[in-house]
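Below is one structure, written out as structure tokens, with a few remarks after it.
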Amino acid sequence: MSKIQEECGVFGIISPEKGDVASSTYYGLFALQHRGQQSCGISVNDDGLFSTYKDLGIVNDVFSRSNLESLGQGNMAIGQVLYASGNITRDHAQPIVVNHTKGKLAIAANVCLVNAFELREEFELKGSIFHTNSDAELILHIIVEERLRSKSIEEAVSKALSRLEGAYSFVIMSPKKIIAVRDPRGFKPLCYGARDDGSIIVASESCALNAAGAKLIRDIAPGEVMVFDKNQTRSFTEFCNKENPSLCVFEYVYFARPDSIIDGASVHTARLNAGRILAQEHPVDADVVIGVPDSGLDAALGYSRESGIPYGIGFLKNKYIARTFIAPGQKTREDKVRIKLNPISDTLKGKRVIMIDESIVRGTTSARIVNLVREAGATEVHMRISSPPFLNPCYYGTDASNSDNLIASHHSIDEIAKIIGVDSLGYLSIEGIKKIACGKDCGYCTACFDGLYPTAKPTSTDRTSKYDRKISDNNK
Amino acid sequence: MSKIQEECGVFGIISPEKGDVASSTYYGLFALQHRGQQSCGISVNDDGLFSTYKDLGIVNDVFSRSNLESLGQGNMAIGQVLYASGNITRDHAQPIVVNHTKGKLAIAANVCLVNAFELREEFELKGSIFHTNSDAELILHIIVEERLRSKSIEEAVSKALSRLEGAYSFVIMSPKKIIAVRDPRGFKPLCYGARDDGSIIVASESCALNAAGAKLIRDIAPGEVMVFDKNQTRSFTEFCNKENPSLCVFEYVYFARPDSIIDGASVHTARLNAGRILAQEHPVDADVVIGVPDSGLDAALGYSRESGIPYGIGFLKNKYIARTFIAPGQKTREDKVRIKLNPISDTLKGKRVIMIDESIVRGTTSARIVNLVREAGATEVHMRISSPPFLNPCYYGTDASNSDNLIASHHSIDEIAKIIGVDSLGYLSIEGIKKIACGKDCGYCTACFDGLYPTAKPTSTDRTSKYDRKISDNNK
Amino acid sequence: MSKIQEECGVFGIISPEKGDVASSTYYGLFALQHRGQQSCGISVNDDGLFSTYKDLGIVNDVFSRSNLESLGQGNMAIGQVLYASGNITRDHAQPIVVNHTKGKLAIAANVCLVNAFELREEFELKGSIFHTNSDAELILHIIVEERLRSKSIEEAVSKALSRLEGAYSFVIMSPKKIIAVRDPRGFKPLCYGARDDGSIIVASESCALNAAGAKLIRDIAPGEVMVFDKNQTRSFTEFCNKENPSLCVFEYVYFARPDSIIDGASVHTARLNAGRILAQEHPVDADVVIGVPDSGLDAALGYSRESGIPYGIGFLKNKYIARTFIAPGQKTREDKVRIKLNPISDTLKGKRVIMIDESIVRGTTSARIVNLVREAGATEVHMRISSPPFLNPCYYGTDASNSDNLIASHHSIDEIAKIIGVDSLGYLSIEGIKKIACGKDCGYCTACFDGLYPTAKPTSTDRTSKYDRKISDNNK
Amino acid sequence: MSKIQEECGVFGIISPEKGDVASSTYYGLFALQHRGQQSCGISVNDDGLFSTYKDLGIVNDVFSRSNLESLGQGNMAIGQVLYASGNITRDHAQPIVVNHTKGKLAIAANVCLVNAFELREEFELKGSIFHTNSDAELILHIIVEERLRSKSIEEAVSKALSRLEGAYSFVIMSPKKIIAVRDPRGFKPLCYGARDDGSIIVASESCALNAAGAKLIRDIAPGEVMVFDKNQTRSFTEFCNKENPSLCVFEYVYFARPDSIIDGASVHTARLNAGRILAQEHPVDADVVIGVPDSGLDAALGYSRESGIPYGIGFLKNKYIARTFIAPGQKTREDKVRIKLNPISDTLKGKRVIMIDESIVRGTTSARIVNLVREAGATEVHMRISSPPFLNPCYYGTDASNSDNLIASHHSIDEIAKIIGVDSLGYLSIEGIKKIACGKDCGYCTACFDGLYPTAKPTSTDRTSKYDRKISDNNK
């Protein structure tokens, strides 16, 4: 069940010939939908003319056949699916497309800057205006400013990089080029591949390459700036290897799709491994291992294989549940969980059950699921979590950042076990999680678990306050 | 992947007190959505006043919060989700609600009559008019006619039963009663349960009882007429045990949800058993067993358990794919499959793979999936099907009835294996499928496999022709 | 300003060649929109295959290009716009299309039967079922029943006529024919015309013929049954001249469009005449004559011409006001009138104003308009009404039938003048209104003014009660 | 019939107490709808927090009750309806709301700058980015820049004025103030008024004040900057009387609503006067004077009064015609005109007709209308136009600017008469049109008629080319 949200999926394509790049982007965004359901958009570049359509909502709701066709043919396109905490409006939907002295410029970004407040203030004091409080718009301001004193858009992007601090992977589309950028610590994934027709595709995850008919070539390296134009692909590595790699480890555990390959490692296999290590760290005698769909399933299979305890299918997840589910009436919370996730009693009845989930945030949903499993006849419920407890806010985009809501901040593991009603509870260790992808610590951000932040903390997390605060609250 | 379609899910609720029966019905239909995606509707009964909303589309699209609320409070409601072959219009959406001399009468039906043509003609010759070609409307005509010479609505319904031949489970709502009916052979499932607040709920599958907060009491028996009113529950068994039971066995293999219990047997367990028997009937040496999501997963687990070959997760199914997926552009068919179902290469690479699916209809989708699995690196692909080959048309509602489209009608198993590109292919035997639910043959319709039809065949399968044929085709 | 509502506009077309009859019907309904805004629909007949689209709402909202195109080509079509008092659902939208032993049958009707209750009961007692409480559906039951004992559909229609009592004009479409019927008293208008391509068109008003590119041939006579098929046009006059003609005189004053010709008389000219006679009956010294848009404008011009007092434009009517105007907020009623109808102060300031409207129903809107005119600086306001006072309910479809709401039922003319705040008030006399169309009384229903009903009164005006009443209200 | 389009209507309100300013703005925009149908929007200011909703479409389509309510309560609001030539996207919809160092700033503008190209280039060269090619966004850039070196927002607005060249009336909303600005030549109307509750309202036309319940106080003078805050109203007249007044005279003839008062003159009376002068300049013997709805009606009445020839109602205009009319099928152009505008034959038959319209652009529509009038039986048709011939492009917002399309540029009046098929044709003289509002020339822009432009011509009329041109067209 979705409990944590991460910010955004990005996509870009450049083709040797003018063609239906909008459809390829549509398929790519469709495959990235799990990374953000609040808005989506596509911008097509036909020899410098940009056509853009974007709106609040998921790809399936936003893009009808007619508005997809209205984007026309082109030789490049970028697209984005957005997750953002707080209320957002249509203006936040990406790609953000602007006009500047060199023509059009568009961005599709997965970004969370820790120096956004300072950067924004710097621009405001020069008289700049912002249409949103989005970091993506801020990046455009910096690039356009740098463009005035650069010989090329790629030079401007590189100069912009030295001013950005935080987590970001983004794709820039200029009239003639697609530029893909990943921050020097590599917090957010970004990769590229190629299609038989010669098109190059950039995406947050390799599953989107597959969906658009391309094969993965490799990940964009942390700090790398890749420039794709009609004739060539160039890599600028000035910012590479300047920082320790800090890929968000939660990409493997939860955010990414299991069929994706991130930084060389299969997400599915990483989850299997998380289950295996969990079985080593927290063994228990039981009759069946089940996963909470969808993200607990792979880890449950790993736990089963390691422990030898049979894997079972414990729940039916209603596949018609979507974001727009209206949940009418006065039903109890348990009932609302049951509508999404109905236990399969033959699997559970009279059984000692090990149940794997990828995390516990506030604990309320977990408690309800445990209750459903017990009602279905389980005699014991042993909960295993394929990640360590959340103890610290994330400044890089994971929306579980308010530690007030984190059950692990206020309760011991034994207390949590009691609260959610399980017979035993075990979390994957921090050492364990670091090994799930490559068998050793290949460099991850684990700040939400251990508080070791790879960057300075933001001076103001409340960067939107100036725009979205009442006058009377400002004592003006 | 959905390839076969069955007709309709039905739901009914009667509560001791006036309340939000519309929401309960909404949840029930949501859980029955897999049984029909073409239209849906709810009719609420407030002390004889009926409010109805229905339209083409799935529950999530048809019911907004406002039109659900517009149905108001009541003490009874019925609802339906419809699958129908051919073009349908809004008029076909159920519940169908009519006025007759005793007031309102509504029906929600899962029905396929073999004597519809004769019944319809009988009414036409009396001057009756039909708004649709739906068998549900025909049933209402019969009940209303019988009502004139009956003391009660339940007597009228019972009399109507003796005139109906075919497969049907339906729910009738009169101003004061809910009546649930299952045909004497029990082709289609129907069960009922109770909720803590005293409400009685009837539904095609027990998963809908759960979704509405009720617990399963039992199945409606083949031929049983159950009458629920404010004060009591009565069962009329006049038509029970007159025919051999003939539940559609494909309910277990494909149509029903795995968390449902049908005629006492868990659908999930029946699918596990199908996989187990398949492993006995068609063993093969391999490295991993995978299922084609969603309906092949349980059987794959059963095959794995029986054979001892590890169970693996072979595909990621995109959970945002819905009926409205627009599939733009000129992509190859393989690509369109890949968007829904992307192989997980770590599971498949260098492996001898056993892949379980619940059926092969035309073979084209299977061929594409096999191709994806090979592309992902599988060295061998052994396909196992958890049902026997389709050889005969179904007259009871399964929409794979045109034997022209059935690959098994025209090709030997070896030929099919070659067409879909597998190293070996095995189907579950007819004897095998009969045992999946209760371990022995408890009475099933297997006509699509063996041609043994429990009823007479329809004299005219083309029962709509009179209404939907051009004059010039009639040589009039 | 719309204050009174009449029921429905109908349209039918038959072409020598298959073509885009749906578009012609769309244009016709568009021109008839003023006769009903609650639902609309079109049914196209392609050699016996009927395609229908209908929904609640106005033509512009219901018909998009795509659903109009989905109706396809055909050689015949009928359409309807509906006004109905009370809550209606999609099921009430016309054309109503049914299946019977001879194939398809569709009706588009403007109907109000006084013997509906008795007819409906007769059918119920035979076991018939009704999907609505609409008189149009009832007429189909009668025709289909008569069809069993008739040699042709036109014979069945003629037999049906002898069973119907009340006001009706309707169009029937069978697989091969269009049949147009007007009741023997001719309450409701109906006419037909021809187009250069040989198509025959039937419509409630001649303006719809013009909109579809046809020229008026003549009105259908009261009691006439006209049958149009591919080869010929036939008129059956069996029911003609059996009753005194009773065309609703309010068609000329308010319901019909001024550019229509009804029973040989121009509606525009009839309104001019109403104004002229009003000037003779209620002269007053003043500076300017203005009309309340839209229906008072023609009469105001007539009053001006007769009296010699200059005609002025007193109001701007906002042309973007539509049925869907949401009227948010806490504005006063005066403001809400002003949004639709803003006075033009240069016309009114310092002037003695004669203001013409076509009726006063409850008086509240009139009072507000008078107030606006005074605020704009009029020194005197003399109201003249181009029809006599409403004193009696209408049983033939005019929805001002509850005499409780009629200001003239409870107040003298002097009292009304005081209530609405005018310096003088004059109504057209009953003798006067009878002369507006042909200069003498050519036979009109004036029952709402004088209580002289051309038919028996209905035994039950509450004909829908059985279906739409709670059980507990029935003491059952 | 609408043939010429002018750009935009603006609205602003400031109330002493927090309240439903969104609804007042909604009503105001509704009254201004004729000034622009391409997009509309409202921005509400609640003590510094801005809520905005805007989209492509007319007010009735864009604002549902729920999204209007979502704007919440506030003490100020601004709104806009937009007309723009060329393709526009949602980004162009106003109000445009931006963030800058002092918080939020919003603009609703009716603007056409002749130095836009130079201003935009100046900002681009500083690194500014533009989200649209709209002049309104450009004005915000200038104001925000000036704000850095000003003590107040009103000082910044005043400084901005000295940099703007062209036609503009706009309303600015800052956290605490509403500022209304009209360009020094007063090309576009702008006025303000007050409501009984103490609210001040600014609008493009006085009809919008009325619709929002306010009374006109006076017009904003050319060059005036008015500042409204909670406590006071201040007028800055630094830019007043620096230029000759140049109100677009076509506001009186066509753009504005007849119930509006602009610069002290009634639009209705100005049109009456246009008709009177036309009768003096181009008399002809005839039987009836008719106007082409809607904008020809007032002038026709004026012509009738002056000439003594009776005024008649010549056409019925279908009031359900809206922007979304789909016009299906293969109808002739004449038929499409007839659907909107059906002649009333009793007015025309056998008559010598004088027909008044406000302009002739390409002549095609006029020709069709003349044809309809002749078909209806007119024996002579004398066309009179209540404005002089268009001969020159307009650089201030009127979208008939391409002289290639102007029939009068290529043909003599006699030729035009022949082309549109009239017996005689007369245009109002330039001297005549200057007198319609105040009886003498009070200062108008008549450049489209006489080519005397009040400002320098724009150096580049193609100001959007840089952004919306293909690379290959730039020879880059």
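Just so it is clear, A, B, C and D label the chains in written order, and each chain counts residues from 1 on its own.
Everything below uses one rule, namely that a contact is a pair of C-beta atoms (placed from the backbone, for glycine too) under 8 Å apart; a residue touches a chain by one contact, two chains touch by 3 or more.
Remember, it's a predicted structure, so these values are computed and weren't measured experimentally.
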Can you list every chain in contact with both chain A and chain B?
-> none
Chain located farthest away, centre of chain D as origin (C-alpha) | B
Report, in whole Å, the distance between the mean C-alpha point of chain B and the mean C-alpha point of chain C.
-> 48
From the C-alpha centre of chain A to that of chain C, how far is it in Å?
-> 60
Expected list for chain B, residues touching two or more other chains, is none
Could you draw the chains as nodes, link the ones that touch, and say if you get a line, ring, star, complete or other?
-> ring
Can you list the residues on chain A that touch chain D in the complex?
-> 46-49, 52, 89-90, 96-101, 103-105, 121, 124-133, 140-141, 144-145, 147-148, 175-176, 466-472, 474
Spell out the part of chain C that touches chain D in their complex, as residue ranges.
-> 20, 22-24, 26-27, 30-31, 33-34, 58-60, 63-65, 68-69, 207, 210-211, 213, 257-259, 261, 266, 268-269, 294, 297-298, 301, 305, 310-313, 315-316, 318-322, 324-326, 328-332, 335, 338-339, 342-347
